[in-house]
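Here it is, the structure in full.
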């Protein structure tokens, strides 16, 4: 077996960072990671001070972040589980120091710097960085991972929608002129750990609401990787009273009638050999609880009797395949390890 | 004040029946209702034996059901909160005995008897009954209520979808040829009180799933009252991990660009003077918790910047405006009482 | 019917205040209340700006708070739904202006000013005010309400525990030397509306935790009104992943063996004629959902076979009988109205 | 490394069986297990037919159960995740065939056969089997595991209560004459997978209730392993609106005053070297979400200022340390593997 990789993680104070820590502490192909904390969290010396439930999982030493400290830790790979603006600043430093970076923020997800700056209201990232960045959806772009220096880990909603639609798009089976409706629902870990009115228990429990309509920053990821015009996609997001998981219900009209067998075969062929995407047989639908606390994306569908209207249901754990799990899957690709290592 | 109406209720063992009992026990325009129970429940003599939490709400005497018993109770109006097949049998008997009936089942909701028999896999109701039946959505058909002998109380999903779309349909503002997507989510009281694998706490909690795709029996109500072809509507239903409420996210393309002000004005005008439909101002969206435990239907919307793509959010309590509340609203119409009597 | 009372409410921005507003807007014996807002909320002119779900409930005009404004509104009664320190300041002013006050805070609940100051870490209230204050648990102290000028509305936990234990205490049936264990569980509205880490949805959902052990400020209310020594009571509080409700499990040993019939009879006799306390028959236990969204306190019990060990289960809605409902019940007592007016 | 053990599992259709399957499919010290199904489930040929969410976890072949089939599978160890009555029948057969058995039912948990028969209303197990059975709480009885042929896996509630109290009991620090109150709360997976009225989502969600008071079958396990008289323990059980986890709040008076440091030291010493019990530092309390989806039991406590009254909080996942995780821990002990193998 090849030697274990040395890995650092910057920013593990949120839900995605915590999930990443749990995955990395158990990963068979890497050394115990070093955690680098910033700002108020920099005082912690061990991850169990921040997350007492990690006691018993083994040592998880923390250090205050500096590029120098990461370099000296011997890390070859660094995960950035940091806010967009922090990633914009830290990624160039770390790349400059010779490290390979998987960034979980939105900073480097778009080919065109203006897409980022207009949707995120932040400075544009340098175009050369974007030219070299890989959009880290391994089921589409795994071939680019072995040589990648900067991987932009996709958003949670786009992962579910792109994986759900890409086979149909590539096959040309969608009646694009009628438009595609992506009605997406997410658990509350997706809204971040910072306490806000909107995430107070009493405002989420026994509630359900749409939010961010026509304004969600994940919109341009969806259209860019599906090759659809903004005006032909309605992408809506909702908050579910659950902690974890995204379920996207994707409704569309087919360009020509198809049978359920054809649809299922298309998906099975597209995802053949990809262990983290599970295709459900025609007539069965995946549910949120099948993927919560996993790193899978499950896809199923329903077709009307004439074979004209299609509903695709794509679901995943927003902290798993939608964030930390996919980040580790990207690391696996960079390492040349099996893509599911440490993830099943 | 006019004398109080005398009312009977058949079948109060489910969630909608229980909600109906609570509304009627407090209604200012009716006498204390008499409850008629069938089958295994016919042994109960007081509603508090069935629902101990009703103690303290006043007497709620029960009797075994028979048409004769209802007649002798002096009731003029009868609510049927019974299964479809039971309503098919009981409604003609009760109408024949001179009573006026509000039926909460699906038995009499369609103009064409075949629509019912093909979607519900049950015998068709007699056509003359359907000819005289009123589809009990008072915001559309209140004018027919004063003289109605049989009111078919609408389904919970159709109530939310029809109220959400009808103003746009009547205005001709929708690009129908692109289709309309109604992505609907319901709380678990909508699945009935009978224990099933699918409604076990552990299978609903922290879960979310689509069900009944292209097969839900509420589909033909939606198309019939919107004048849309089946092939142009994608109507999907999902189970939320909450007890009460339906939220329908309705996505569509407009036939011509509109402003948010125009959309809001259209809805306000359409529902002017209808106290149980609340229109949210442009830029604000209703949430499930705003309508849970109420008899309102709340409607809001989001429009894209060019004014082309529209998302309408329509929500209600499936036991309130989606069932028992609407049944009482229909009674109010039959009585000539204000439509919100006993409902706010 | 006597003329309707004129009422003002100060502070309706929290969950208890909102519940109070809903009760008062529907109360048959009072005029539409006036709402007085303080601090940042003083800008609102109508309660629907703060709580959009109140639209359709009728006018609920708001004004910035001042003693003068309350006086000029014509109010005879004022509810203070304000923080402890604010009530400490406002109650004397309002009483001085001739108004009668129901205070929902902890400021005036104790006979001894030092009890308040040592448990709440705030200045002691003036002793003369405490001498005249009524502890607003109407099932015990209703006789004092007609003449009361200041009513201290009890805490939510103490209401459930005192109502559950007082019959046994007065009868002398408890083996006090063995101690009494009050294991109490509350929904999250009890923790207030301010967003905090502890009330983030993800930290409450699918979770359960004890908190405030041996330090909860409701402790001295319990011991004062039960006549028990602190050292003989273990009072613990837990946070439930529900919005509303308190269930207290009270475990104790009886001084001498009793039968279930005796226990039930004791409770029925004690609460005879008190419509808001419902005693469950021996062998049946109340549940949180029986009292959520009501103003009842439900009490049941289990006795071991030898009649020695007793578990009393007492539950209520922390916003109903545990706060706003009880405040209205106190108002009813001050008015000479039936204690359940507007509450069932 | 020693060769992998060969293991069979009988009955994986419930929640504990499913959890056991997940643990065994990933266990580093055993071969892929064989699953034996009974009754209606015997038709399944692969576990993914029963639990579609296991797809991607590797093969999990199933066979109809017979003692012969288990024997021929080459299994040395068998887990019985079967109803009490089935275990009573199957365990003797399997032991007779030379297999070593871990039984998750209550059938073999008591020294005295009458204890079982009187609490479970089932035939008494043969006394010789009980004489040789080990009560599988490894933190107390690990020394007996290497030679054990029959291990009775403890109940979920008793595991939490016994682990929480045993250090105090052995130290003689409890004022036993005052009694001990164990107020326990469990998630709904503990109520089994069979749909019942009591486990319908709508009857659990937003609800909380006590059940089984003075009648719960876990009671005699608690008293037997703590050496307490029934009359000195009040053991109550409640249903939480969560899927997983038990939190027991144990209230007692100390025989003599102690400091928090002494209490913490007692627990740390008692559980020194036991990786699956985590002691929380004085002043911090474990929560359900710290142990959900883990195999840990977490214990914390609060002491009053005089050092007289003590509240111990003990929590675990009822499917983890409370059932399947502990069963695997027992297997580890039988194998001579580290007790946490495959469990952290």
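Per-chain numbering from 1; labels A, B, C and D assigned in written order.
Assume contacts are C-beta pairs under 8 Å (C-beta built on N, C-alpha and C of every residue); 3 or more make two chains touch, one makes a residue touch a chain.
Here the structure is a predicted model, which means the values were calculated and not measured.
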More contacting C-beta pairs: A-C or C-D? The answer is C-D
Per mean C-alpha coordinates, the chain lying farthest from subunit A is C
For the pair subunit C and subunit D, the C-alpha centroid-to-centroid distance in angstrom is 40
The distance between the C-alpha centres of subunit B and subunit C, rounded to whole Å, is 36
Whole-Å distance, C-alpha centre of subunit A to that of subunit C, is 47
Two or more other chains are touched by the subunit B residues 203, 206, 241-243, 289
Interface with subunit D, subunit B side, in the complex: residues 15, 188-189, 193, 195-197, 199-206, 241-243
Interface with subunit C, subunit B side, in the complex: residues 52-53, 55-57, 206, 275-276, 278, 280, 284, 289-291, 293-294, 296, 344
Listed in rising order, the residues of subunit C that touch subunit D in the complex are 177-179, 181, 183, 185, 203, 206-211, 213-214, 231, 234, 236, 238, 240-245, 247, 249, 251, 253, 285, 287-289, 292, 302-306, 308-309, 311, 313
